[in-house]
Every structure is written in C-alpha cells, then in structure tokens.
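The same subunit A turns up in both complexes below, where it pairs with subunit B and then with subunit C.
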Partner chain A sequence: MTLNIAVIVKLEPDFSEGSVSYNPDGTLNRAETKSRLGAHSAIASLAAFYTKVKYGGYISICSMGPPMAEIALQEAQSISDADELHLYSDRLFASADTLATAEVLKQGIKKMNTGKEMDIVFSGHRASDGETGQTGPQTAWKLGFTFLGNVIDFSVDLNNRYIFAKRLVALPGFYDIVEEIQAPLPVFIAIDPSYKPTFDTISLRLTSGRYLKEAKERAVNYKSYLNVLDHKKLELDPRLVGLPGSPTIVHKVEKIPKARTTRSAELIEGDDRQGIINSVTKILQLIQK
Partner chain B sequence: MAMITTNKIEHNRLTNNNESYRHLFVIIESLNKELIPSSLEMLGEARRLMDNFNLKYNLNEKVIAIHLGDGIKDLSQDLIYYGADAVIYSDDPHLKYPINKIYTKVISQIATDPNSIREISPEYVSAFKKPRYMFFLADSIGRHLSSTVLAELDSGLASDINKLVISDLEIKHQHKTKGENITYKKILEMYRPDFSGFLWTTILCLDNKNPEIKKEFHPQACSIIPGAFLPIIKDTKRTGIISEYHPHFNEEDLKIKVLKQELVKNPVQFENYKIIVSFGRGIKENPEDNIKLIEKLAKLLNAEIGISLPISKKIFHLSEKYDSIYITPNRVVGTSGRKVTPLIYIAVGISGAIQHLEGMKESDFIIAINPDENSPIKDVCDVFIKGRMEDVIPLIIEELGKRLGQTREKEKEIQVNTYGKL
Partner chain C sequence: MENCDVTIVGGGSAGLAALKHLSSLGKQAILLEAGKEIGSKNVSGGILYSKKSNNGKIYNVEDIYGESFLNESPYERLITKYILNATSKDKIFSIDLTESHDYQTNFGVSVLLNKLNSWFAQEAQIEAEKLGGGIITGVHVRSLRWDEKSSKIIVETDELEEFETKVMIAADGVNSEIAEMTNAREKFSPSELYQGVKVLVKLPEKIIEERFNITNSDEGAAYLFAGDVSLNLIGGGFLYTNRDSLSIGGVYHYDSLLEHPIEPTEIVNAMLRNPLISELIKDDVPLKEIDKTLPKEEQVRKSFAITKLLNNWNELRQLYYSHKLKKKSIEDRKYTSEDEIKSKLDNLTQKLTNEYHTKFMTNYIELEYTTKLVPDGKRGRMKKPYYKNILFIGDAAGRGLFIGPRIEGLNVGIDDAARASIAIARSLDKNNFESNYLGDFYSQSIEQSPYTVDMKEIDKQYLGVILNSTRKKISPDALGFKHKLVFNLISNQGLRNFFISLINKYGYTRLLSFIESEDVYYKIPIKIADKLGTVKSSTYIPQIPTVQDRVAKLCYHEDTISHIKILNSGKNFLKKMVTLCPTKCYSLEGNDVVLQHEGCIECGTCSKETEWRHPRGEKGVLFKYG
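Moving on, here comes the complex of A and B:
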C-alpha cells in the first residue's frame, strides 16, 4: 500500500531582505512586500516529499487564499512533487479567523484524491504573518485526526498503519523535551522548523533525484494539476466560513506604546575613538568587579 | 422579607446576560508532578481580572484551575495558594503525558459538564453550559491544546496574548450585528503583539447577534505568552474547593502512546554568561560577515549571542553553518523568546521593538550600537553608540584586543615575577 498525503500551505509575506518593506514606524508595509510560499509551508512540503520517497504515496496540496495563492501551490509542488493541487478561493472565505479557515480546509481535504481518506496531513509550524499556529490543530480536530505538533522526525509502519514521531516540546522558562510518540493513522503533523530529512540509502537518494526531477517538470505545468474550488464546489455552508463563521474579530489595531524611558543614554558618535575607548574601559571595569 | 430580597438578587444574577456561561477556567500545565511556572502567572492574572470583574458586576464568579495528570492531586493546594478559587483535577495514569487528543477530550468534558462545577458553585449548575472565559499557556503544549479544545467547543481563540481587559463594548459590525450598534457585556479584550512587535491587535470573541447567522460563541479563550504576567505572592491562608473529575476515555484514543520523554538542555544558556551580544536587522548590508564580526566580539568578551525576533524568520541568506548556529528560536531575546538579565547587554543593529525591550531592559548595563539615533532602544540603554556596526565593532575589538592583551601580558609578568622569586 502507499500513503495518501495532504499538505496545507500558505502564501505569506516574504520577509527576506530585498523582498520585505517596512513602514517608517517599523510595521510591515504589506502593499510593497512581495509574497511567496511561507517558509514553514516549504518545510511541510519537504516532509511530504520525504514520505513519498520513502513509503510511496499520492500527494495533494491545498491552500486557502486569493487566486494569486496559486504561486504558493506551484512552489510547494516543485518541492514535493505533488500529484494534485487544491486552491480554495472564494470571496466568502475572506477575513476568516482560524476556526472558519479550518472549516474550509477540512472540507477540502475530504475532497482530495477523489475523496479517499488521507493517511497523513502535514502543515507548517505557524504562518510567519498570522503566527497563531492554530489553524493546523483546528483542522486536525475537525477532521477527527490525531494531532502531533512540533514533529522533528517520523517513520511509518505501513503494515500496522502506525506512525512513530519525535516531537520537540518547548516549555519556556522550564525544560525542553524530546518526546517519542506512537499513534495509529490517520494523523495530522505540524512539522517543526528544525525538521531535516535525510535520504540515507543509495536507493532513497536515487528515488529522491527522480521525483525531484519530476517535481520541477510538474511545477512548470502546475496549472494542469490545479483545481480551484469555491464554497459551492466544497459544499460549504456560507454561515460557517469567512467572517460569518468566525467567532473572533479584530477589534482594533494600535501602536504599542513606547517603553518608558528607563535610562538616559550617553550618546557616542561612531567615529569618536575616545568615546569608544571609554566604553571599553567601562565594560572591562564591570567584568572585573 | 430579607429572604425574598436576597432571592430577587439571586434571580437577577441568574437572568443576567450569558447566564449559561460562568467562571474563568485556567488550564494548568505540569511536568513530572511539578507545576510549570508560567501556569502560576496565568492564575495571577486570572485572579486580578476576576476580582475586578466581581466588583464591577456584583457577581461571584470564580477562577477555576483545571489540572490533568498522573499523581498530581497534591499540587491542587498550591493552585489555591496562587489565586485559584477552586481546582478541578483529573488524576489518572492515562493522563500522565499531555497527549493532545486525550487532553482535549477530557478538558472539553469538564468544560461542558454541569456536574464539574456542582461542588464549586451549586447555584449555577442548572444553567451552566460552558465557561465564560478560558486561559491556556502559549507554549508547545497549550498552544495546540487551546486550538483543539476551542475547535471542539466551537468558539473563538486568540493566541499569544500579553494584555487582558474585561469591559462592556459597543460594537457595530457588518456580520456580528448586521451593522447595528449593540452593546456586548463582559467582553474579554485580548491584546496580541504582532510579529513586528510594534503593533497591538485587540481580538474579541463575540456572539453573532445578526439574526441570519445567530450563534453564541463561548468561552472567550486565549493563550497567554509565558512571562507576560506576574503570579500573585503565594498566600497559604487562601482556601478553596478542590474537586476531582472522573473523565471517560475512548479505547481507540488510548492507542496513542508516549514511548519516551527526554529532557534536553537548551544549548543556548544565557544564564551562564555575564555578557550577551545580540544582533538584529542591522546586519543586513553584509549579514554573514557581520555575524562573524559579532562572533569575534563575543569571543573576546566571553559572551553568548542572542538575536531579535525578525532575525529568527531567516530573512537573510546565510551559509548552512551560520544559519544553523545562530538563526534559531532559542536565541531570540524578548517576550517571544527568552528574558535575560546579564551584567552587560550589547544590542547590535536592533531598533528595539517593545517585545525585544521587555526581554532585556533589566540588564545591569546596556550598550546599543545603531546608526539611527531615534531608535526606541536608545530609551533603555546606558550607552548609545551612533554608527554602523561595520565601523564601530572593529574599533571596539581593536581596543579590547589591546587592553585584554595588556592584561594577559601583566598576568604573565606576575607569573614570571612569582617564579623569579622562587
């Protein structure tokens, strides 16, 4: 048997230098900032690719977003060698919070690969712009899948339909834990940013090379793999999606007040050698105290 | 007569808005029978909020700590001492590890079962549907747990909150109120710093009052940034009700098993260093060379290296080596990362978003190197060196090299003299 694999990806602002633009007050200039496949979505696509190479499988990738989000799907396909791309695009989906987004994604995932049940769904850790990290687990819950977050490594027992995963559980101010967990399929995996797949046998490397070549070719013709679905095609109740389906609203956005001035800084010009010498003296005095 | 008046007040209370939604549930986390400290921070904020709430609305709603685990019963008393009015715990070997699916179901059972509050507030049992508010921790456990619990309870959730206010708000919203002005009572305003650290977004979880999409959304829930609030001072005179809840488990769910847990030491131990040198977007002109420069400075000072939050988003193209050593979440200083208080903090090319400043401003001595004199970081530092890091750091390194060299020479001299005397 092979696996039915799904990946959820997102088109996000590209925070890399040269693509990102900030307003003078330090906030993101969304109009001037380019968009691309989110970094964590790329890692999720890579995890799906690894699974396909190692165990065999059919990969379906989906994204909810405006029509231009298809470029994120294309990029994800070039990483993962996806067999199918789903874009959930509808004005009714706009401004959804995580619960209303999860409703759309759940419904879409149920329609992947001609309605077969998925074995593993991958998502990124969190989006770089929204940063809630909620959409993945909420989609998992609506699907009824076991959710495994912060996964840094995994293997599948195809015969018994089990997954073995390593998770990095960070508890700030306390401990970090590496946990090994087993769960029956199907599962939903939010992949940790530190995940790095290794193709450690010659046969895996060969398969990987072959699929990667195929992936690049497919991504050129990504439109022939692409299926755009609106709420009607997804058979979604408009009251459960977009703003009407969102329990939460953004009430206001304000600038965070500047921290109170706690110290009055001595200003030293960068080319003031004596000033810098004095600072070094101060550093050395403090260390030697 | 007096009796009737009391009953009337009680009646008024029960027919007040949202009578089916009561209390603030705080989801406590523990590990190996030890409470995770940030759980107590949540309880502290919950205590402050509900004290004001009860005063303002003349109500008697409670802070209820919800705690699951194996052998954790004895921690309940501490939760009372730290601000809870009551504790509902489930103590069961199946709850030894915080397995998302199992914990989600148990918490959801507690949150929807009127019997769970029978001992705690018998007066609300008959009307109780769900909690009014719910708090989780925004860590690797609570972030996901909050998401799945709120998906199960079919209500709204805001993540990574660092300020909370409860108030009555007049809302006019296309969908929620169909464009009408409607006053919502007892709304939890959840403040969330955005990724830049410069904006605060207030999230509200509101019922749909619009007749076309009418729906109630409770609880109003959020995950709270560890370190955002202070716990109350432990008060062993505080008393409260401790109540056990016996959950139902689904056989299928018990096939999910934790095989092993290993505590790992964070490789970045800021606490062990007297000096921290952190860098931000100011390295942009020549990222890798500039990191090498900072590395050199840190080595001379025996300092650990930190980064600002934007840097952790991998915004620069770096070689694999530098990327994997420095561009990691465990180096982030700030409320989204670690709070540090070294003897000397050197901020290189960091403008000073509030979330960064909150994480370092209590350092003993702060030096900032930045070309922009108007950067907010200037307000919290002792020395502000106005200049590009590429120009300033080499000067510091040169001077430090000379002086440390001298010191070492001196040390050698002393050693030689000592030997000489022998």
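Moving on, here comes the complex of A and C:
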C-alpha cells in the first residue's frame, strides 16, 4: 500500500537581494520583482518527498494562480519528484480571499490522481506575501480532514492508517512545547519552517538518490505532468470563488513602507591599515559604552 | 538492521572502479563516500594511464568503463610529448622521454580528478542502481565490528543507522581509517610515503597549444623536472597540460622532508619561479584598481561595474581561445564569426582600459592549491592486502607505483579494484568469505598483477629504453668520473642485465636508498644542466600568492569538531608540522604546538603522530578541480 500525497504550493515574490524591487512609495513592485516557489512551499514539497521515499506514494502538487505560477510547480516538482501537477487558473479566481481560495483548492484536491482520496495534504506554514495562514485550515475543514499545524516531524503507520506527528507549539514569551499527536488518516499538515527530513538508512539514501535524479529529469519536462484547470474543469460554482465567494471585507490595508536603513555601511579595503584600525577602535568604543 | 552484500568505503577512482566492476559482474554493492559530492576530496597530478605488460593481464580503465572511454570521458589531453628537464638556476637541459613514456602504454591522458571521478560515478551508478546498489555521499564510516555468528561486518557511520555487510572493500585512500581501526597494517612510515603538492594554473586553450607546440588540439605535453627546483630534497617536479589549465607541482619523499622541513608551498613556488615555467604560465592578468579619492558610493558603483565587465571579458576570452566553445557559439548563432568575437573582446579590453583605467599586467592565475600524501608501493604496499572479509585497494593498500619518471596510482587502484571485485563475486557465488577463500585468492591475484611485479623488480627493458633516450643527448663525459663509470657500466646491455638480475635477486627494495638518492634526484641533474643546459630568462617575475591567499580560495564546509587530535603537543614531530603542514594549521605557542583544524586540506601529512580521522560526512575541504 502506498500513500496519496498532495501538496499546496504558492508562487511568491523572491525577496532576496537582486530579485526584489520596490515602488518609490515603498510598496512592493510586483511587476519588477522576480517570483519563485515560496520558501514555506519548498519545505512542504520536501516533506512530501520524504513521505514518498519512506512509504512510497503518488505526489500531486497544486497551486492557484496566474499561468506563470507553473514555474512554482516546476520548482516544487524538482524538490519532490511529483507525479502530477495541477494549476488552478481562471480569471474568475481573481481577488479571492482565503475562503474562496480554499474552495478552489478543495475541489482541485478531490480531482487529483484520477479522483482517488488523498491520505496526506501538505501545505507550507504560510505564505510570505500577506497571507493570514488561514487557507490551510479552511481547506482542511472543507475536505473534512484533520488539521495538524506546525508539524516538525511525522511517521505513518500504513497498516492501521495512522499518523504520528510532532508539533512545535511556541508560547511566545514563555517556552516552546513539542506536542506528540496520533491522528487517523487522512490529514492536512501545515509543515513547520524548522522541519528537516533525515534519510538515515542505506535504503532511504539509495531511494532518495534515485527519486531525486528522477525529479530533476521530470522537472525539465514538467509541462507533460501539468494540468491547467479552470472553474469549469474543476466543476466549481462561480458564486463560491473569486470576489463573489469572498466574504472578507477589507477594513484597511496598512502599507508596509520600505524600511529605512538604520545601518550605514563603511567600505574598508583589505590593505587600508588605518581604515581597519579606525573601525576596530570605533567598535571597541561602542562595546565599552 | 539493514544489510547489503558488498560495501565499498571511499569514492576515489579505486572505489568507483570497484563499484562499476562488481555491478558489471551482477553483484549488488553500495559505495559510501565521506565527501559531500564525489570528487570533492580527491587529488592527483595527474596522468591516467592505460598499460599493457608481458607479465600478465592488467585491468585498465577501458576494461572497467568500456572501450569508448577515450570518446566519452571528460579527460583533459592525450599526452604525446614527455620531456624531462634538468634545472640549475636559469639553465635548463631537456631530454625527450616520450619513448619511455610510451613503453608498454596504450595511452596516458591528463585528468582533473573532480571532473573525472564524477564521470566515473555517473557510469558506475547507472549499473549499480539496476541491482539495488549505488553511491551514498556525505557518509563517514566511523567504526566496524563483526557479528560473531555470521561473521558479517557491522558498519557504524556518523550519519546512518548501523547496517550489516557480508564483505567490504576499503578504498579509503592513503590515510585509511579502515586499516587503522582493524590494525590490518601499521600507519605508513615516512620512508613509505611521498608528499604531493600541486597548484592548478589557468591558461587559455590556444595559448597552451602554442607554447607547447601542440598541433592536434586534443593532445598535450607532460614535463618532468629534476635538479635545483627540488630544493635539495629527494623528489621531482611535474607540469602537465590540461585543456585550459596546467597542473604544476612536485612529489617528494616524506622522510627527506622530515629531515629538512620545508613549507610545501615553497616546493611549488620554486617550480613557478623557474624561468622555463614562468614563461610557460604567463598571461595577461587584469588588475582591478579603483580610484580611492572618489566618494565611497562612487567607488562601490565602479567596483561593481568593473567586476561585471571583467566577468564578461573572462568569459569571452575563454571562448575566443577555445576551439569547441568558439565553434559552438558560431553554430548556435551567438556570434557570426571568429572576427566578431575578436572585435568584441578588443572592445571590452579597451573599455576596461580607457573608461575604467584597468591595467593588464603579465602574471599568472592560480585556480587551486592541493596537497596529499601518496604511498610508495615499492616499500609500503600491503603484502597481504586484506583483513578478515575486508579487501584493501588503491592508496589504502599502499599501492602507488613510483619508478623513475613513472608516477602511477590511479591505474594501479583501478587494476586492484577489478581484482577485488572478481574475488568478491567468486565468494558471493559460493557464500564463502573465509580468509583462505576470499583474502588469499585476492592476495594471490594482486601478487600476479604486473604492477606488483614492477614494485618488486627492476624492469631491464624499461631501464634500457630510458638509458637510450638519455644517451642520445648526454655524453657520459658530462657526468664526472664516478657517475660516468656507473653510466657506462649500465649502458652496456649485457652488464646491465647481469647487474639487474643480481639486484632483483638480492632484493630491489634494499637498494632503493642508493637508487633514489641525492645524486640521482638533484646532484647529477644540476651537473648536467650546468654543463649542457641553455640559459632561459623570464620576462617578468610571477607574483606568487601566499599560503593564506591560496587557502582563502579553497571551499570548505567547516566542522565545529576537529577531526585531528594532538596526542603530545611537545613532540618533535609536531614541531616539524609547523613547517610541513601545507595550510599552516599548526603553530607554536611557547614550547607547545597547537592545532587550528579550520583550513585543513586533509593531506595526512600530520597523521603519523596524531589521532587522525577524516572529517564527518559532507564536512571539510571541497576541491573543485582535484
């Protein structure tokens, strides 16, 4: 028996230096900023990969977004060795809030792997571009799956169809707790950013090596794994998606101004002895203060 | 506990050949390599040989990887010119030894081990995978024990759960921990080792061909050096042409270094300063200079712009001087003609000079600095290269072949690998891993290898070929009375054969200290260069980087835990390491020697009197070229 694994991923602005671009008023310039698979989505893809290596499985990855979001799917495939890619793309999906997004994702997940029921759905902790972390729980609720958040480690009992998971519960200002949970499959897992898979036996290493090689080859031909689905193919009621399906009323959007740099860097060449002496003196003075 | 049939420890050229050959024989095997990637820990000079012999079968690289090896593998150049240079200050005397190089040789190709071993790994992995085996990198084998009942080996690593294996191949190199943890052999003594040092120098393809008079672009030259470049040590230098780089270095008797400690960088520096070599390596090197009087922000802007232009300049120049890249870029319609590339390159040069005041000076560019111990098979090879159900191959078994101008380890390790694989396949078929069935069979096979014969006896014919080449150019009168007498005696074939038979009978190894002497390595070459050499002059003084600069260029994945432990900080041996460690990891504090393991390039020079291990999986130095 193997597992049916789904992963929800998101195309996000690449905030790294050289890729990100801001408008003069400090807001993100989406047109100029490069996009790529979000960091949390990458970790979710890695968790799916681990599951496939350890227990065997069929991985389907989905994303809701514009046509260019297929590059996020490609990157996720190169991490996870996905067997199938879904892109939910439709003008009607625009301006969706988390609930409307969850509706699309739920419907898509039901169509994965020729409609077989998923055993585990992975999502990232949350997105980095102004998402509120609710899409995951809402999709889980719509699917009727148990939701497990902040998962840092897990194992599956295939015979009895149980998952054992460790959750990192942070109590800000106090301490962190690791909670151990047992839940029946199917489950929806929001993977914690600190998750790190370990391949610590020969067979896991050999299998992961083989799948990883396959993943790189597949990702080159990702288009042959890709299904683009609109609201019709997903058999979605237009009233439940996009703006009409979004009950959220945005009260006010706080612009996050581009942070003013508070640091000022001074460039010292390696051969500038006096420069080096001056800065070391300055640092020493600051420490003494 | 998981289990497998065969475990190979070490993914150098020997271990990889074992994986490939075992898989070809239909046997499942896994290979564990400590480095993060295959090839990242391996160092060679290096020329990879394919040989033939009247003394029996040799398993060559093409026997393991297929007859199309020369068409498919990423070797650098086919060596068709082999020159020995005797040096004395600015005087050089060259002797063409191509005939001796070609003696019993199918081919010799220059190689860079990172690239070559990665290719070997790719080929071996395809076969191993089919049988459920394969390569696992980033895993360091820490200890072994035996299951009393089954006699299987239980392998403990720093990274994986322990597992069982029926049989093991130790291909973990000269500083073999498997040999040490099993006591299969003693640590090599200084007289059984060489220290090899090398720098890789960048030089465009076409310039290499012009300087070395190479007419066929796939061919190349190899130069050996003896004389004052060896700094009065027993050893010699080499310079090999790669596609677009030169491997320059030396291989020195380790006991001679312990007697007269000298910094390993000084050995390569002496080579680089030799006028013949400095002229061969020189190139136009841009000097990035920024006007310090400009405002700071302007300086940064300029610096970024120059870096970008220089990158373009480097790329375009490499393309312009490379046959293949140039042809491809024109075929791909990136450029219309060679002239267009040339004019773009000239424009860039002008822009750099005129707009950014970049100066171009005559100097040379180093890409990588490496050092490693190499075992001398004549003295140190394991007489019985096995322990229980573990077979030792390659450097781990001490099987380097160093005879006169012959510097061979890669091909010997490949031959060992094939023999070990055959012995193991036979044992797997009979499910018998007893020493008298597996170990003894392998040991006998190794004894029959023509390489072992070469380690034990002088080959009369080979000596004759070398003497012939030498006689053509050197009159014995140039040698002085004593050496003239010896030279004349051994030049006579009848007498030579008589003496060699006597030596081989008496014990070649006992006479090695006379054969590998100061006279042979530097006194005679200096005399010859002085008398017969021509004066070479250099048009510039190469600006040689410091050790710190060289180390700064290397790539490391630092481990917080030191893989080396000092046992007695006051010992004389360790004091010598302050000089002999190639990356200056040792220093003196009062009367005690302290070690800073960061920067270690895992050469093994200090291993004799320390607790020495390889770093844990993925940690330590990562060589880009090797």
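The rule is simple: the second predicted complex is superposed on the first by the 241 of 289 C-alpha atoms of A that agree within 3 Å, B and C clash if a C-alpha of one lies under 4 Å from a C-alpha of the other, contacts with A are read in each partner's own complex, and residues count from 1 in each chain.
Simple rule for what comes next: a residue touches a chain if its C-beta (ideal position, glycine included) is under 8 Å from a C-beta of that chain, and two chains touch if they have at least 3 such contacts.
Keep in mind the model is a prediction, meaning the values are calculated, not measured.
Of the two partner chains, neither subunit B nor subunit C is touched by A:36. Look at A:200: by the touch rule set out above, it reaches subunit C but stays clear of subunit B. Greater residue coverage of subunit A by touch, when subunit B is weighed against subunit C, goes to B.
Of the two partner chains placed around the shared chain by superposition, subunit B and subunit C are both touched by A:266. By the document's definition of touching, of the two partners only subunit C reaches A:210; subunit B does not. Using the contact criterion defined above for the overlaid structures, shared-chain residue A:140 touches subunit B, although it does not reach subunit C. Common to the subunit B and subunit C interfaces on subunit A are residues 266-267, 269. Partner subunit B is touched in their complex by these residues of subunit A: 15-17, 20, 22, 25-28, 39, 97-99, 102, 128-129, 131-138, 140-142, 146-150, 164, 167-184, 190, 193-194, 239, 243-244, 246-263, 265-271, 273, 275-277, 279-284, 286-287. For subunit B in complex with subunit A, the residues that touch the partner chain are 29, 31, 36-38, 97, 99-101, 104, 139-141, 143-144, 146-148, 150-152, 154-160, 169, 171, 173-176, 189, 193-206, 208, 210, 212-213, 217, 226-227, 252, 255-266, 274-275, 284, 287, 301, 310, 313-317, 328-330, 338-339, 343-344, 351-354, 357-358, 361, 364-369, 371, 373, 376, 378-388, 391-392, 395-396, 399-400, 403-404. By the touch criterion given at the top, residues 2, 4, 30, 129, 132-136, 139, 159-161, 163, 292, 296, 299-300 of subunit C touch subunit A in their complex. On subunit A, the positions that touch subunit C within their shared complex are 200-203, 205-206, 209-210, 266-267, 269.
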